[in-house]
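Once you've had a glance at the structure underneath, I'll fire off some questions.
So that you can tell them apart, the chains are marked A, B, C and D in the order they are listed, and the count of residues begins at 1 in each.
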């Protein structure tokens, strides 16, 4: 790999002539945009403590009425990208959203895809294309691209959830926009009840559901039961992990980001191979140590962290007597679809 | 549609000259092989009563030791095809198989695909590519093309199951053969436990199972629960039916035949549209009236019937107080893959 | 593989009792329907000489007016299936069709798929869903399932073509029927001109053609040129063969049967591996020796032969100075879609 | 759409407390990242004149030896993104590359995908995974993700080509890197000769090529002939456009960007609907007027321009006697794969 010419090697008037025509010489920047052997990420391994941010989120509830916020969210921003960019990674956005009893976040739809991982509180719900989805700790609720969604709250305590969106990518691609709508009529259908068991799907009069999002709510009680069953079935040390999928065709449940849940057995340590996508970890139950290359985080329940792609990550259950449950978001559907997915042994 | 020339219209010596060269004039047979508007099926609507056939099946157990039968099966043969053809329809084979305590039906594999719907008895099991699948009333067990399988029996009562195979089609295509094997070693993995819940699938360290048959046993307790949940979710008269699918990608669970389970609510009558595939109905619980065009059958538990393609079929629960549960096999994956699937309103 | 009980081993009254209930014991027939290691085909290797059959075909033109034949075809029937079954193999039908100047074979459509390989004569055409396809020696014209088609003749000499249909399979599946129609209006579009070059496809205003059959005519002049180019590109002894495909997605050009063209270089001998599908060979130019297991045929131009699946086939160019060109039809799309395709080294 | 709170509405100490925890309030930026109804692109409609930039490119040849440049490229940079970002749009990079007689741009491979549209000169070639591709005016040559490629020059005049890469997106995703390699051995195979005709593909001994990039060079002589044939076939005013595709399966020829060629008939004006992807136009032959919303460019041969997504674009042939031929690159495969593709009537 030879050393290349620099911008300074070029005559000043030549550089000016280039700029006047919107031209830039490639070679002074070639190594920077095509580094040798591995990308140079801007994403930093970063952690957000729920205990620390919770008071600020509650304070936001006091400072800003829902009508002035529409979505009352504190964005978990990665300093590697600059906080104002509101990115956790190149393609993931994270936010902690607060909804207070009686509040309503009005209906809209937009090109970016979102999921909601409920963190605390009961009584809130999200209505997605007419399907009213109850929100309880650990539930995952999809609000995919183009689907109408709004949040309401019939309970009496603050409800908080973690939003995960592909907003940074969709915005980068110059495709991000929203449309506002009226309060939706609720239809009775509930996908989480229709796809209760694996291996069988509704087929009334031999007809399958071919809509893009047949299941919008993944109840934690069911996902947890699936993890427990898997742990019982695979005693030998295999990772106990399930992916959230479209129950009709097994594809990733959303277009761009992937979601999974992991159970760390008591005392278990799990080393992940280096993979191209950035990842987000959020603890649903228990506690975990997350190390990514030279950085390490100690996560308690409801804590969240992000690690860049190509990092070597190790997860360790902090308890030797209780399992830990971790929600994971990553960019793997995006990388696979674009032919950029890579795993290094 | 004009009238065409007949074989008799042709001179005898011309016909002889044709036959000598393995030639046949098309036009005398054209209307027969291409009837107007709808096929002319050989498959007759036919019913087999379990109560009636059971004594003969038990007698087979006395007359023929398992070593002389390998698979002790009474084939449910459609008289429209000629009994000796052992066909329920053009592409479906049905058999009632008896395994007695302590017997063993040795390992083999073959090109035709089979499923087993357990009819009575406990203690038997099928081992498929090393996975030992318990057999209980209503369970569906796959033994797909090319997979080793054998049946054993650790219990103390006769066990009977209904075999459904695509043997007639695979035989017709001149692709049917078997290979015999040694007793299989059992591996601990159990697919029915790994795919317990809908919408989530195992993904240890972000890796999915891409094998063709990740789930080999569909426990009736789970399928029944799925039907009950669906019935609760769809009060409005929609058919309560689930398809047995590959839990990883939602495709039909086998290559050629399709399988589903239907719950008829108390008193419910369900009219099916005319569809190109022939169908088989087997009552798992309760009783049903099945009518197909001008034929009607009264089915009790464990009874089985077959109806030809393009028939107009109505299913009626015989009870006004209890649900009925019906297992259905049909040729729809075959018809869809070959571009021949048709539904008539 | 133990010896099994026979039908005669069973008491006569037991056998009567079985038949009365449409029941058949499996074990006496088990080895016949599931032979060990390889299927037992009914299809025989069979050859039809064009020189020999041509006079009989012309005589058919005298004996039977087109109005009495609708399609004036001599079917190439495989004696292994019984001539009256009109099958070349389990799933292939072959026929030599004669159309005389001024005749018209009226419009109809049907579930079986057909292709036409033109054998001799000019001036005829086939209109398929409104696209008028000229018919010249070696051209392949598709009339796929459900598409309207009719044949006309504006020339002044007898035109003959080879029909290849999946009629035996579609008939066996009880899905074969036809509908008659009016003379079609011709639309100007010509698929063979729109897909002239490989690697580029029409996309007016970024829109692709998603119809099932964007190309209905494969001109021999183009297919021959593709073979010549391939022969020039691959001097090293690779087989020079091209498959007829849907130019939009590269899938087999029809649903059930596959079609390809082969060039045998001067003096070339090509040994094919044993494959599960039956095959048909028809010589477009030159001459070839075809051997299948213990049978051998000497084919001249326009001759046709059929070989069963799993046969070991060798093709040899009869000339050491001229290439030979062979059209091939086989059952491989069917076998692949149903998971039954097999190649033996 | 109500007015939302601003950053300034929040107490300064609260904002500091947020920043200290890498938190950012969403609502002050909500409308900016999710504008109403349509994205707000940074990409400007921008044009680069070949006549103007050519002297600067030739000067680069004098100023910087190939060893100091590795790839001697002037990047066509969009001022809307900032020139130093070297982007034509969010996901497209454009560069004019100069190779002088006897020069060699050494072998490497990288995650971004590139294509080369030859602009002038003869004698140069690109070797891609061992296939040596001649470079002539109008040819399109692929160097897809992960494939080794190098450029050499056996001729005696300057050769220039237009590079189109998805580098900005791949870099944004933190997946961009390169690996350097040795001079490749050339293998004799030439994909452009193997896929000469549409509708037929090589299938030696019934085997298809399943590699990701079976065709690496799309000769202009063939693409132009396809456009001429299409123009003759569709006289009625349809757009005459072809897409560059994988000849085996008809998919876009690369993973992220799409490529097509357009013929404007003499005097023709073509209005494109507003579509989400940004587009690049490069004139291969003739001249064209390109207008995008309120901007208009007059393009001569070898000129290039870029327009943002969602713009309404009109193309007009500047000549009333000669056709114009335009090469188009766009982001539509990316938008389709991610579920973000949109067309507005």
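Worth a mention:
Simple rule for what comes next: a residue touches a chain if its C-beta (ideal position, glycine included) is under 8 Å from a C-beta of that chain, and two chains touch if they have at least 3 such contacts.
The UniProt protein names, listed by chain, are A, B, C, D = Gentisate 1,2-dioxygenase.
The shown structure was predicted, so the numbers you read here are calculated from the model rather than taken from an experiment.
Averaging C-alpha coordinates per chain and comparing to chain C, the farthest chain turns out to be A. Work out the mean CA point of chain B and of chain C, and you get 31 Å between them. Chain A and chain B have centres, each the mean of its CA atoms, that are 43 Å apart.
Each chain gets a centre from the mean of its Cα atoms; for chain A and chain C, those two points are 53 Å apart. Multi-chain contact residues, meaning those touching two or more other chains, do not occur anywhere in chain A. Judged by the touch criterion defined above, the protein chains form a single closed ring in which each chain touches exactly two others.
Across the interface of their complex, chain B is touched by residues 1-5, 9-11, 14, 17-19, 21-27, 29-30, 33-43, 46, 48-49, 52-53, 56, 59-60, 63-64, 67-79, 83-84, 86, 89-91, 95, 110-113, 145, 167, 169-180, 255-256, 276, 278, 308-309, 331, 334-335, 337-340, 342 of chain C. By the touch rule above, chain D contacts chain C in their complex via residues 188-190, 192-206, 208, 215, 218, 222-223, 225-226, 229-230, 232-234, 238-250, 253, 258, 260-261, 270, 272-273, 275, 330, 332.
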